[in-house]
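Next come two complexes built around subunit A: one with subunit B, the other with subunit C.
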Partner chain A sequence: MKTLQKNETKVINAAIIIVIVFASLVPTGLPITVSEATTKMYQGLSGLKPGDVVWFSFDQVFVVLPEVKASIQAVLQHLFMIQGIKILITSAYADGPAIYEGMISVTNKYGKVYGTDYVFLGYVVGNEMSIANLAKDIKTACPVDNYGTPLSQLPMMNNVNSASDIARYVTITLGPQFYWYIRQVVAPYKIPMYTISVGYFLSEIMPFFASGQLGGYIVGLKGGAEYETLIGTKGLASRGADAMSLVYGLLMVTIVAVNINYWRKPRGGK
Partner chain B sequence: MDAFTIGVGTTVAALFTLMIYSILFKENVLYRFAESTAIAVAVGYGVVTTLKSLRTSTYIPLTNGNMLVLIPLFLGVLTYLTFIKKYAWLSLWPIGFLTGVGLGLSVRGAIQAQLIEQIDATILPLTGSSTDLFNNIIIFISTIAVLYYFLFTINFKNPTVNSVSEGVRKFARYFIMVGLGVGFSGASLSWIVDVIVRIQFLLFEWLHL
Partner chain C sequence: MSDILKRKEIPIVITAFVGIVVILSYFVTFDPLQSTANTITSWGAIIVASMLFIGLINLCQVHLNRIMKREKGVWPFSAWLLVAMFGTIIIGLWAGVPWGGTNDSWVFIYTYINTSISQTIFSLFGFYVISATIHALKARNLESGIFLISSFIIFFWAMPVGTYIWAGFSPLGDWVMNVLTAGAYRGILLGISLGLISFGIRVIAGIERGYLRRGD
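On to the complex of A and B.
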């Protein structure tokens, strides 16, 4: 027992790894319950009509990619499935372009043509200021796309000049940039915004969903699994759903057990 | 990319994953090598991407005759004067300019988006289903109580009023703890998901199980 207590951290780590390996190799197919926030995001994006423009922002860093990759793939796949819509892609983070290149080849299976159906502006430097500039006048803030082609030569950009021409806004949120868009895009232009986020930022975005400023959101692998269920595919997130549920169960049991052990120990005194 | 290149890339990624997770056993040279490599790659990539964005945002407009971009370029160059002691004070100009513009922009949007609309969201009807009613009452009471908790300058002399005030503060502290609990569980969710994704990468994409 003393050896177990001495190596508590290593034992918990080993238990988590064993549960993940077991759940991955022997999937139990636990049911995936779709949350209200995910449903609203799906419904909001499904409501797009031919000709509508979606602004999709790759605002993330490589570190959080494992957590949101499945969700990004699911949402991008959904957008590419909708006939006739246009997608304007930007990135306010330097890591964005590489992540975009890795994602777009996987998700674009629906014959969308670059320049006509979607355009990538690349990494737009300047944080909140660049977002405000893009919202006000896209072609002045960013005159060329990621590959140096002037926006005037891309057919999709003929009628896309500012945030007023955008029907929906989707961002990948992991921190302060969420507020940049809430302040510079949602508040002044009243564009419905949806976000793909990470677990640690969930408590920050929930009040904005409750207030109606955020149309919907999906968080982490769980959100990705919910979104895959809604669009009818089984991707990376669904594959990890079983392991996630079992590990959370293990963590809850561990937290309770460790706390009971803590309270049983004699404390206090000098 | 051909299958061989993908295979090599997957193996390198798998080996680096194992090196990083070796820290769970104990600190070792493989972990430090993987950590240093990750930092070096991130810095190198960041420099290249930033230079590329300088090309699209400054060089191309300049060659098209837009001389206005020389102003931000000049301000950007001034920031590097911080390394020359004699002229370091000049680097404060672009920092002051950026701070001013940034603050101005943030405040303009924040009043509407983060203050007025968030306050507006706490003004809720006391009608509807019992669940909605319960939620609305909780939101209203917790917002007022937590805002009161952060009023540090009030000190009542009347002991009864003071004890009520302290009671409200204690009540608010439970709501704050719930908020922090949500934050903590969200953070642990992030860490666990990272581990799940990496282990599944090793199992399915590297070992093809």
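On to the complex of A and C.
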């Protein structure tokens, strides 16, 4: 027992690894509950009509990709499934274009054509100011797409000039850039915004959901699994959800055991 | 002439002008004002972009200095950093990345080096968080007991299978997050926003001069 207590952290880490490997090798298909925020995001995006333009801000860095990759893929698939809508993709992070190139292939089967149905502007440098400039005048702020093609040569961009032409805004929240969009896009142009967030930023986005400035959100792997359930696919997130549930279970069992052990130990009273 | 350019009133007036024009452009739809504000924000974006180049020069200065001085235990890492950075830049330029191009070497760097290293470090962070959570959630007294109970509610709320175990975890978790957590965060956000507004007014009025040389 003393050896176990001495190596507590190592034992816990080993148990986590075993649980994750087990869940990955033997998918148990544990049920997934869909939250209100995820449902609202799904409904908000499903409500797009042919001709509507969605601005998808691919603000992503490699570090947190394991947590949100499945969610991004699920949302991208959903957007590409909707017939007739146009998708404008940008990135406020330098890693964005490389991640975009690695992920956009999941949408190939939906038949949308680059330049006609979706356009990628690449990394738009300048942080909050570049977002403000894009919202005011896309073609002046970014005259060419990621591949150097002038926007005037891309059919989709004929009627897309500013944030006023955007029906929905989707972003990936990693940190303070969430506020850039609230300040520069949502508040001035009254565009419904939806976000894919990492878990540690959830507390910061919740007040905006309650106030209605954020139409819906999905968080991390769990959110991705919920979104996959709604769009009827079983992807990365659904597979990871089993591991997530089991790790949470292990965590709670360990906390209970640690507390029982703590209260069993005799303590010196006054 | 040079004495006039050194006067501290010049940056204060420029800052006040920029601040007032950009703020007014959100509330007043007057074309000359809007176009001036657009020009200013475009300059801002260009300055931010040029900062990346300045950052590159600064990084080189700092690390070359360490290498030249052979700082013990540090200089090999500095050398490796510069090799990795310039290697990536050269391969990126060779692949034509600034013009939307790519090649196998560039994809290899991102897929098998950058992605793997970043994600490994982030995943290791998870083990530390779990270990810290286990040690922090001990019911030592009433307050930590409440903390422990609310944590368990959130665990069940956050785990994908949670509300299948008991449907009540969903409304309970929503209440903790929407009322307690969001309420506290709303207070923090409002405090930060009010602080920023007052800071902005002080900067525009020339009272706050921390951005000037020596802060005078």
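Assume the second predicted complex is superposed on the first by the 258 of 270 C-alpha atoms of A that agree within 3 Å, B and C clash if a C-alpha of one lies under 4 Å from a C-alpha of the other, contacts with A are read in each partner's own complex, and residues count from 1 in each chain.
The definition used in the following text is that contacts are C-beta pairs under 8 Å (C-beta built on N, C-alpha and C of every residue); 3 or more make two chains touch, one makes a residue touch a chain.
None of these values were measured; they are calculated from a predicted model.
Engineer: So in the superposed three-chain picture, is A:79 touching just subunit B, just subunit C, both, or none of them (first/second/both/neither)?
Structural biologist: Neither subunit B nor subunit C is touched by A:79.
Engineer: Look at A:251 in the shared chain and tell me whether it touches subunit B only, subunit C only, both, or neither; answer first, second, both or neither.
Structural biologist: Once the two structures are laid over each other on A, A:251 reaches both partners.
Engineer: Could you say whether A:163 touches subunit B, subunit C, both of them, or neither, answering first, second, both or neither?
Structural biologist: A:163 sits against neither subunit B nor subunit C.
Engineer: Considering only the touch criterion stated at the top, classify A:143 as touching first (subunit B), second (subunit C), both, or neither.
Structural biologist: Touch status of A:143: first partner only.
Engineer: Classify the contacts of A:262 with the two partner chains as first (subunit B alone), second (subunit C alone), both, or neither.
Structural biologist: In the superposition, A:262 touches subunit C alone.
Engineer: Is A:101 touching the first partner subunit B, the second partner subunit C, both, or neither of them?
Structural biologist: second
Engineer: Can A:201 be said to touch subunit B (first), subunit C (second), both, or neither?
Structural biologist: Only subunit B is touched by A:201; subunit C is not.
Engineer: Thinking of the overlay built on chain A, is A:129 touched by subunit B (first), by subunit C (second), by both, or by neither?
Structural biologist: both
Engineer: On the A-aligned overlay, A:32 touches which partner chain: subunit B = first, subunit C = second, or both, or neither?
Structural biologist: second
Engineer: Is there a shared patch on subunit A that both subunit B and subunit C touch, and which residues make it up?
Structural biologist: Touching subunit B and subunit C on subunit A: residues 13, 16, 62, 64, 66-67, 95, 98, 122, 125, 127, 129, 132, 146, 148, 188, 202-203, 206-207, 210, 222, 244, 247-248, 251.
Engineer: In the complex, go through subunit A and note every residue touching subunit B.
Structural biologist: Its residues touching subunit B are 10, 13, 16-17, 20-21, 24-25, 62, 64, 66-67, 69, 94-95, 97-98, 122-125, 127-129, 132, 142-144, 146, 148, 179, 182-184, 186-188, 198-203, 206-208, 210-213, 219-222, 236, 239-240, 243-244, 247-248, 251.
Engineer: Would you tell me which residues of subunit A are touching subunit C in their complex?
Structural biologist: Touching subunit C: residues 9, 12-13, 16, 30-33, 35-36, 61-67, 95, 98, 101-102, 122, 125-127, 129-130, 132-133, 136-137, 141, 145-148, 188, 202-204, 206-207, 209-210, 222, 225-226, 241-242, 244-245, 247-249, 251-252, 254-255, 258-259, 262-263 of subunit A.
Engineer: Provide the residue numbers of subunit B that touch subunit A in the complex, in ascending order.
Structural biologist: Of all residues in subunit B, those touching subunit A are 24-25, 42, 45-46, 49-50, 52-57, 60-61, 64, 101-102, 105-106, 108-110, 112-114, 117-118, 120-121, 139, 179, 182-183, 185-190, 192-200, 203-204, 209.
Engineer: Of all residues in subunit C, which touch subunit A in the complex?
Structural biologist: The touching residues are 26, 38, 41-42, 44-46, 48-49, 52, 99-100, 102, 110-111, 114-115, 118-119, 121-123, 127, 130-131, 133-135, 137-140, 148, 151-152, 155-156, 158-164, 170, 174, 177-178, 181-182, 185-186, 189.
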